[in-house]
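Heads up, there are several structures right after this.
Next come two complexes built around subunit A: one with subunit B, the other with subunit C.
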Partner chain A sequence: MTQEIETGIRIRVKKLLDLGEVSCVIGHEHGPRGHTRPAFVYDSADAERLVWDRTCHHNLVAYVRDKIATLARGAEPGSTPRVAVVARPCDVRSLNVLIHEGQVTRESVFVVGVACPGMLDAGDPEAQDGQALHCRYCTERVPVFYDALVGDPPKVKVPDEPWPGVAEVEAMPPAERLAFWTQEFDRCIRCYACRQACPACYCFECLAEQVDPPWVSIAHRVPQKAFFHIMRAYHLAGRCSGCQACEAACPVHLPLSLLNRKIAAEVEALFGYVAGANPDTPPPLATFRKDEELPL
Partner chain B sequence: MRATSHESLLAWLDTLIERSTLVAPQRVEREWLYRPVSSAAAIAFDFQRTTVSPKGYFFPETEVLLDIERRGREVVMGEPDLAGDQLLFAIRPCDARALLVLDALLVDRPPADSYYARRRERTTLVGLACPQMWDGCFCTSLGSGPADASAVDLMLYHDGDGYLVETVTDKGAALVAGVDWPEVDRPAPEPEITAEVVSVRPPDEWLAAFDEVVWQRLADRCLSCHACTYVCPTCRCFDVRDDLTAAGPGYVHVQRLRAWDSCMSPAYRRIAGGHNPRPDTAQRLRNRFFCKFCYSPRDFCAVACVGCGRCIAACPAGVDIVEVLRGV
Partner chain C sequence: MHETFEPKIVGFLCNWCSYAGADMAGTSRVAYPPNVRIIRVPCSGRVDPLYVLKAFQEGADGVLIAGCHPGDCHYGDGNYHARRRYALMHRFLDFVGIETGRLCIDWVSAAEGARFAQVVAQLTENVRALGPWTGWNDAC
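Up next is the complex of A and B:
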């Protein structure tokens, strides 16, 4: 299954670069220790470097915006650089959010869509079936849009019960919930890997690092860490595609998706909107309509 | 060399807790981290490499440099209390050697960082030799090894179910004075060296590679997060800012804080006028490696890397410092 995806990616990428349709392809490769990591291919001879398996958990859309900007700096005036990106269904939804927010144009990206079989858990290889939790509950096999699709959409059985986690934390009495989050945030090292790995976090200056006014102290203490994560989760309302790149990037394995999923569920309940799920529907919090009413 | 059982070691540690803060590896969810422990029973002896280095016990993530209180016309300034002793138990050889690097960078040449120096002075290091090398470990490329006792006060080696104890410094000797562990005549077990030794190029070779395009290619995947610098045992950059913590009529309380900062961040080198001498990821990533292997050895006689491999494990994008050393 993944072999077919990998072969499909290489064939497609080789052609794209040979024909000069894109100047750079963002995919995955094996690092020197055998782990998969993001790869940037500029020459069709390097297409063979690209791999795909169920450990390719990076959301490569996070690189697209800056890559296009970097290429544009060195490009002929008037020409528009184009990049190709290997993307799973959740990645494409985050790309869709960026397109709606005017960060990337659809024309500047060639989407090599992956018919996704679900990923293996990045941090916990002993997880049930080895399958990442968010993938076990995901019904999305084919991206909402793509320029090429690789792999055959697999049939995956999704459990009937609700995705665990959020409800359990919500059921905790306030004091217990505070203790839970305090304990989690305590080991945060404020490295911002979650933010940097997130396609939707593209602010030029993050509120957590703003100097004037200095909203958040430079201290690495629980209040600052908690504020940062909660603030980030709110700023991702209706924008988080649930790809879990943040959790995969976290060096201390914080359960950040609990926050994101909670807010995604609220947005879906209020607006009937799933981030990037429809190419034609803009994100609700970035939109205001004449007939808009607060659904209270 | 002396020998002790696990139980006797725990009992000894529990007596030391009465005199000093005991910092030791603990299991916290999926991580191993150095944390203060209230009982030796809480120590995770099966730890491998902690996710974050123990440098924070010398150079804290956040510390109050100065506490300033103003009441009316009266201003009172206070420094942090750095009086208590701490015992860092089960420090790995690489992390202990990292403290020698920090000594060279922060203390040996005046003006010394007095906060670091005082914490260093009041801390005793009890090393625990690594039983093996783990994925990413490359201490043997930096002139050390999993059983290197050169930077600790007292060294422990796994010995069956117990430990062999080697006294390295007077500070270490004082720690075990009066303990009835018997002298034994057997060498410490030799851990297997599983990592290939990579040669570290001299500073001038790095300078010759300054303009290579490889830095651009390497930086393609770098996300500009701070993970590598914060888990690193020798990265020591910080920011200082005054926090207004309380204010009222005639009353102001300000704390001058120092907190970890990272050269990987675009804002790190931003200066007046919005200029930035390292505006691109490639320049920042290159600087991190040059700081470790070119500038620090050239200016402070210390390669600022001990081969702990944490940055390799922590990097969400797969940047690998050994790959850089190999010449990519």
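Up next is the complex of A and C:
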């Protein structure tokens, strides 16, 4: 299955680069330490480097915007550089968010969509049925849009029971919930890997590092760490596609997806909006309906 | 301990309605709890959710956001945006451990001095019942 996707990607990429349709392809390759890592391919001879397996956790859409900007700097005036990106269904939804926010134009990206068989758990890939939790509950196996699709859409059975995690935290009494998050946030080392891995976190200067005004002090203490994570989660409200690249990137395995999933669930319940699902729907916090009744 | 606890509440009031409403409460000699520290903002839509977070992080026990009634915004639609933002934030703060009762968003017009007093009294009461917000400070 993944072999088929990998071959499909290589054939596609070779053709794209040979025909000069794109100047760069963003895909995955094997790194020196046994993990997969993002790869930037400019020459069709290098297409063989590209791999795809169920440990490719990076959301490559995070590199699209900067890559286009870099290529544009060296390009002929008036020409618009175009890149191809290998993207899973969740990645494509985050690309949709970027297109909607005017960060990337649809014409400048060639989407090599992957019919996704689901990823392995980043924390424990050796585990029995090591499928990542968010993939086990995912019903979206084909991207919302693509220029080329590789792989066959797999038939998957989503478990009947509700997705665990958010409901368990919601069920805790307030004091226990606070204790739970205190304990989790305390483990954060403020490396900002979650932010770097996130395609929706593209601010030129992150508030967490801004010194004037100092929104978040550099102290390595729980209040600052909590502030950072709550701020990040809220900035992703209605924008997070749930790819969980943040959680896969986290060196201390914080349950960051709980925050994002909670907000995504609330956004869907309150505003009927799923991030990136439909390019024509305005983002929920950038619009309003005068007659809506919201619980305050 | 709670007998002597006086909640600190940060109030973000919109310049055009709620701030004038608070003024009205004062000029009409309506008594309301002195626990609220008022910050005047141009519009309830100006209140960045980070202001709320920052207030809690810096030791506020409760936060009040008050603006013009929906439809009456001086700028047309600022409070509609605020409404969406805080409907979401309310639920999210609860999820990360800041009780819902500590954050209040309400609409107070310039003529509603008594209503302003009532909103502040209610929030102060709620926060008093919840106790001081120690945030994540206990652990560090």
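Here, the second predicted complex is superposed on the first by the 283 of 296 C-alpha atoms of A that agree within 3 Å, B and C clash if a C-alpha of one lies under 4 Å from a C-alpha of the other, contacts with A are read in each partner's own complex, and residues count from 1 in each chain.
Rule of thumb we're sticking to: a residue touches a chain if its C-beta (ideal position, glycine included) is under 8 Å from a C-beta of that chain, and two chains touch if they have at least 3 such contacts.
It should be emphasised that the depicted structure is a prediction, and the values quoted were computed from it without experimental measurement.
Peer 1: Following superposition onto subunit A, is the placement of subunit B relative to subunit C best described as a clash or a fit?
Peer 2: Superposition check on subunit A shows subunit B and subunit C fit without a clash.
Peer 1: In the overlaid three-chain picture, which partner chain does A:Pro251 touch, first (subunit B) or second (subunit C), both, or neither?
Peer 2: The answer is first: A:Pro251 touches subunit B but not subunit C.
Peer 1: When the two structures are overlaid on chain A, which partner does A:Lys157 contact: first (subunit B), second (subunit C), both, or neither?
Peer 2: Once the two structures are laid over each other on A, A:Lys157 reaches no partner at all.
Peer 1: Pick one for A:Phe288: touches subunit B only (first), subunit C only (second), both, or neither.
Peer 2: second
Peer 1: Quick check for you: in the superposed arrangement, does A:Pro38 touch first (subunit B), second (subunit C), both or neither?
Peer 2: Once the two structures are laid over each other on A, A:Pro38 reaches subunit B alone.
Peer 1: Of the partners subunit B and subunit C, which touch A:Arg221 in the superposed model: first, second, both, neither?
Peer 2: Touch status of A:Arg221: both partners.
Peer 1: First (subunit B), second (subunit C), both or neither: which does A:Tyr234 touch?
Peer 2: In the superposition, A:Tyr234 touches subunit C alone.
Peer 1: Going by the contact rule set out at the top, does A:Arg187 touch subunit B (first), subunit C (second), both, or neither?
Peer 2: In the superposition, A:Arg187 touches subunit B alone.
Peer 1: Between subunit B and subunit C, what minimal C-alpha to C-alpha distance in angstrom results from the superposition?
Peer 2: The answer is 8 Å, the least C-alpha separation in the overlay.
Peer 1: Residue by residue on subunit A, keep only those touching subunit B in one complex and subunit C in the other, then list them.
Peer 2: 221
Peer 1: Tell me, which parts of subunit A touch subunit C in their complex?
Peer 2: 166, 169-170, 174, 177-183, 185-186, 207, 215, 221-223, 226-227, 230-231, 233-234, 237, 259, 262-263, 266-267, 270-271, 284-285, 288-290, 292, 294-296
Peer 1: Which residues of subunit A touch subunit B in their complex?
Peer 2: Residues 31-33, 35-40, 58, 62-63, 67, 123-124, 184, 187, 189-193, 195-197, 205, 209, 211, 214, 217-221, 248-253.
Peer 1: What residues on subunit B touch subunit A, complex-wise?
Peer 2: 28-31, 33, 51-52, 61-62, 135-136, 217, 220-221, 223-227, 229-231, 239, 241, 243, 257, 259-262, 265, 267, 312-314, 316-318, 320, 322-323, 326
Peer 1: Under the touch definition given earlier, write down the residues of subunit C that touch subunit A in their complex.
Peer 2: Of all residues in subunit C, those touching subunit A are 49-50, 53-54, 57, 70-71, 77, 80-81, 83-99, 105-106, 135-140.
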